[in-house]
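First comes the structure, then the notes that go with it.
Letters A, B, C and D mark the chains in the order given here, with residues in each chain numbered from 1 onward.
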């Protein structure tokens, strides 16, 4: 997998930012192998940038970069992140009973499509333990007892902490995470919702879609926020259906879209291609 | 254009309907060149069928068909329609100021893609008169005066009646038709809404879509009912957008989708391929 | 899975065929729950039909159908097939080293998307044995020794015969089957080719596509004939690529298309939706 | 329309190019509102860059830019182009008898989607004169007399020269341009071919597609080179077809794809988003 350094910048739009950033890299003998930028619409335009710099030959080590870059960032009012590519991000997958998104992520991980470590899978059901363990990944069954949701959430948070998880993926987890839990996680949480949001928020979107008689169904991968299905959208895709497709068909066709959309969103996130711009996202794909 | 006879049937699902209908056609020496059927989901499954019969050699004339078919229809509880293909359907197009859907329909009509007559275009604005008249079609400018919407609607209805219009197409008309007007028209009215319904009902869907940060936009062609943007959907399609696309880009990209979706829906309607099943549609495409 | 009876008909186009077939079903108290038909273009138009008949209540058993239908078929010059839905079709999957198409088929099979039995997987490499056996399916490793291709083919044919295989799926098998082998198999063989045929026939289509600088890549599922990549096409799909996508990216993106296209083609085949019309296919999807 | 300055760069890949270019812009007080870059695959990796710079506030006038930038370009071995956005590009459209691509381009031009002037349309047939003149554009009918193709080509070239045309668009021109003519034009020529190249090169691609029984058809916009249908591809798109679609349907469905693909390619070209990389293109869309 790539071991390039990735620098993400987000600041008020103004002259000279590109030059400042690329100068900085050139000064330290860096080779910019990929760069993308975006200026959001006025008023209040912000500047977003993503740079990929070859590690070979770059003059700043992981432990030196921050001190060297901070003054420039301060001068330009930059929020910024750097990923040195020296260790893969650690992903925890949360699932319920549906296997398709989970298995697709595991298959892509095994195929080398996802540059990540997957230390654990957590589920409120025991069903998928065997399939997960077959990939050599720990499976934690944490059921949600009636009236004890907060306890289960605390257990999940503790596991994520213990395993130093960088990002949480809800691969059809079927549970709403409380605002408290999201706070406690303090890391990006990516969810797959089985509709083209904002259509069909909440439960049973395929049933809602069937009742409305739509001709396309979709899936949406988004960052989870406290408001249900309202977080920043990373990726969406759709599939065409017809009057011949009953709810079972929609579920079958939708599985295909869900797993594709979630995998793409996770891949982009792991490659540091997704920047948040309020409820909108900038995706340097 | 095709001059086949088209028979549409809709009845409670039960054994022998296909045989009864195809027997009837065979009895009168008809050649079924196309047939499609659908049984809707239980409970209360209904049977839908569309047959295309060659006119050449068919033993029943337009004036004889109804009497011959009625007893069979009664026996099987069929709602039915027959179109003898002896005259094209007459379409009225209602527009406001946006030209793209209108021009696309006119271009397809001139190209022979739409088997129809277009006796008139009606608009609440004068802007598109020249373009319409250049196609040899009458343009009626009926402005909506403040507080006089009912009067304008009555004028529109009267024009549709005078021109014996079979179907009304709202090609970005930007006016909500009152329930009274729909009643008075008494014919199918097809609208193009510039979102993938049910997302972004009502005004300014592209602005809504921009604010929500979606990654796909769409358009929906549907039959108009008294409830805004809630009628049976005939066709939908989408286009991918990115963070680079501002509202102007979305409008530009959306125009492409709108005109394609509306033209397809109108074509299917004119070919008698769309049957209503409550708020759902059966589209024998 | 469905246990409907499926009747496939193919004959010279003429009046009364639909009536004859549907009458026959009605006579024996059959309920036609799905039917589709097609008349191919002149000259020499042929009529194709697929009917699904509910087993419940149908008056002809599997052992009685042929004798009852044969006279009608003879009268109308029909080639025909009937599948009584009383046993699932048996599929053998042939693979080489690439896992994606194979695993996708196995996953869909486990999910109940494919109404089939998979008695065995055959490969010229040992690599995928573990993954296949984990699904409880026999894995036969039959390497192709230099100069001994005919012997290996004979072994494969013998295995297919022993397991009473109905259809063979080449899930990126990477070997060209000889005309003799195809004859000996005597059953449909479905292949996935990783290009939108007829572009990029033969080896390394992604490399060919890269060199030509195309902006879309695709995959094609087709029945195998003695001529390489020239058999009747069942299904095709594509994915958009850009200048950013090198060959490795094309391979990754293509995997997604390949597995989707192959799975869809196999599903349609197993549901008896694919009829051959020379090198063209009729797909009643 | 946009009046930003656009700078295109193409050079051997090496460290410091981005910094050099963005420094240069910053030095002259330029605001980079959009930038995109690409490094082609090894061996012989080349660096491609496109920058959009706000005219307001930029310190170099159109007459000063070249002298100021040349030394930097020489130092880094850059091939480069700058478009100051001070005048729209001039497009000539060549057509035969088919109207759809032509009318679509004219409609988009009138809608403000294409930042261009269209001084003339040239055709070997008189049919479309009225439609073109209705848009206030000169129509030149230059028939190709038997054995006098070279003379007609010379007339076309002379007209292009007189009208100071920057780019030629073949909107289904149905004539092969000789290598001599291409040389004499000395400007980019964009063609729309009605297949997904490299499938179905040459005449009657829809007939070829029908015979092969493909399930998708497509269109390809490419720069014209002396070798037929082999020039660098700018854009491609496809549409799904089925066994129900005869050649007439394919032509109708294809028209939709052709006009969309050509319009997009022309738009990208006019926005200086397309850079050639041998037979491949870099499209900064």
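Throughout what follows, contacts are C-beta pairs under 8 Å (C-beta built on N, C-alpha and C of every residue); 3 or more make two chains touch, one makes a residue touch a chain.
Owing to the predicted nature of the structure, the values given are computational and were not obtained by experimental measurement.
Participant: Can we say the copies chain C and chain D touch using the same residue numbers, with more than half in common, or are the two sides different?
Facilitator: Copies use mostly the same positions to touch.
Participant: Please name the chain that ends up farthest from chain D once chain centres are defined by their CA atoms averaged.
Facilitator: If we average the C-alpha coordinates per chain, C ends up farthest from chain D.
Participant: Distance between chain C and chain D based on Cα centroids, please, to the nearest Å.
Facilitator: Spacing between the chain centres: roughly 41 Å.
Participant: Roughly how far is chain A from chain C, going centre to centre by Cα mean, in whole Å?
Facilitator: It comes to 37 Å between the two C-alpha centres.
Participant: Can you list the chain C residues in contact with two or more other chains?
Facilitator: In chain C, no residue touches at least two other chains, as defined above.
Participant: Once you've mapped the touching chain pairs, tell me: line, ring, star, complete or other?
Facilitator: Contact pattern: complete, every chain touching every other.
Participant: Name, in rising order, each residue of chain A that touches chain B in their complex.
Facilitator: Per the touch definition, chain A meets chain B at residues 38, 40-41, 196-200, 211-216, 218, 232-238, 242-244, 246-247, 277-283, 285.
Participant: Contact residues on chain C for chain A in the complex?
Facilitator: On the chain C side, the touching residues are 99-100, 103, 107, 111, 113, 134, 252, 255-256, 260.
Participant: Across the complex, what residues on chain B touch chain C?
Facilitator: Interface residues on chain B, with respect to chain C: 14-16, 18-20, 22-23, 25-26, 29-37, 39, 57.
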